[in-house]
């Protein structure tokens, strides 16, 4: 499969990372119970890198990144020697198992959603009638209506308030995210990563952006920066063993450039 | 339209969904049939209702309009339907609309939509029909939108003497949401 | 009531006048007939509408209620009668969220997120606003998360008489995600 094909995938067309992975599985025509995780991970990362996640909703962008991390983790776990119990590709402890379950659940739901949409389109034209006024039916009675129910009124206020405060906070969040996105631009993070790694020679991702000292958007920008730096061949990412975290080092060329610019400043 | 029986079905569906009487003119426009054809079809429908023992409906002509109604002989059963225990009371959505009006009166339909996040025009009309809400004027804005307020009947059934007695609620409403939207627009 | 055809006429008249779905219980009280008789009569009425080419109506059962609606095939004519509703159609993401709720109800927002692989809270809120979904309680778990289920309006507009009738697919068809997981575990 040509890399070009994956570079052209527009991430905006996918509802979730699972949607994208399922698409990759389909175009590769592979068995979902035996996913070639190395290929899929590489393809997934190619798609991610060729798309600007900044245009996505922050929530969705972070889900795509979490999935990238998940795929890389599964990939490294696959390298561990494990005992084959039988020919079933999903034997116990297969690191792909959870992903496969989530893909199946997602696909099933997507099928069902399509069925629902069909049903809706078949039925959407049928109309109920409004309740008749007794007077119009020639019935001469005084309608004894239910009086207003103060409890139902209170409950309605409660629901309205809850819903509006949700809208309020989600809109507030959007504003804050917009501002934050400015603050943690990927470009700035790329500079920061290079400078900090240069100072320490090598660093772990978790050292660069420790969970205790950085916000989620900051870590996402940082992760994007790392992906971009790998793509530009400015850093080397190593894993000492399959289970360990990513260790980041600078390429020789990058180091030389920094040394040059530092000596220029002096 | 394929044939006469389909045309009759269409007329029945239109008159049923409309509820109120529909003019021959409107029926002509909707079905693209002539006046004579409409009148013929309606007469057939009327006869069908009359001849079928198992039909509870009848077609009435009022001047140049037609409507479906129920056969008069079943009045006693229908009278039972209109007892409160059988009629659906106000829905949650209606109570929400009532709350949106009560706390923001006088308020326009589009302001109510902003508060509820969904078009509520039908619900406002229903509340007006039931006498809980009344049109109290027009805003001095393009299109002169009507504004709505709650009625004395509303206060009476809740045992309130004025809307000031409604429990205070923070953050319900229109002011907050509108301000917020302005804020978002400025920031974007 | 004299006979069956008169009883059918009464049911038709009641459902016509009520407009909204009427419960079997109310129909029993109004007509003084038994549950079995009501269901029989309604089934006959439903068949009559279906078999008559010249009828534009259709009888629908929604859980334990009945209502008359127009046949869906005449929607283009009805669209001319009513002002277009300016509600936008549901997005793919909204259908996915609705499916996640319909097939797993009652379900929490985080369970929906697990199925879709992405946070869907806003979509759930929008489905609540549209009246397809409603909060039906809280789970007895830390934080007391709210659970959501589909509404009568959902059944009505999706042509279903109960959630048991949701379309099924043989492939990957499990009652719940837990069952799916159990099944895979058993196969290992």
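All chains are identified by letter, namely A, B and C, in their written order; residue positions are counted from 1 within each chain.
Assume contacts are C-beta pairs under 8 Å (C-beta built on N, C-alpha and C of every residue); 3 or more make two chains touch, one makes a residue touch a chain.
All figures in this text were calculated on a predicted structure; none of them were measured in a lab.
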Item checked: Central chain (distance from its CA mean to the mean of all protein CA atoms) -> C
Notebook entry, point to check: Counting only C-alpha atoms to place each centre, which chain is farthest from chain B?
Noted result: A
Notebook entry, point to check: Which integer distance in Å separates the CA centroid of chain A from that of chain B?
Noted result: 43
Note to self: Taking the mean of the C-alpha atoms as each chain's centre, how many Å separate chain B from chain C?
What the structure shows: 22
Checklist line | Distance between chain centroids, defined by C-alpha means - chain A, chain C (Å) | finding: 32
Notebook entry, point to check: Mind pulling the chain C residues that touch 2 or more other chains?
Noted result: 16-20, 68, 70-71, 74, 78, 129
Check: Which positions in chain A touch two or more other chains at once?
Finding: 127, 129-132, 137, 159, 163, 167
Notebook entry, point to check: What part of chain A is in contact with chain C in the complex they form?
Noted result: 15-19, 59-60, 63, 67, 88, 90-92, 97, 100-102, 104-120, 122-132, 137, 159, 163, 166-167, 170
Notebook entry, point to check: Within the complex, which stretch of chain C touches chain B?
Noted result: 4-6, 8-14, 16-20, 22, 26, 29-31, 44-45, 48, 53-57, 68, 70-71, 74, 77-78, 80-82, 85-87, 129-131, 134
Check: If you look only at chain A, which of its residues touch chain B in the complex?
Finding: 127, 129-132, 134, 136-139, 141, 143-150, 152-157, 159-161, 163-165, 167-168, 171-172, 174-175, 178-179
Check: For the complex, which residues does chain C have touching chain A?
Finding: 16-20, 58, 60, 67-76, 78-79, 90, 92-93, 95-96, 98-100, 102-103, 114-119, 121-122, 125, 128-129, 135, 156-160, 166-167, 169, 171-174, 177, 180-181, 184, 187-188
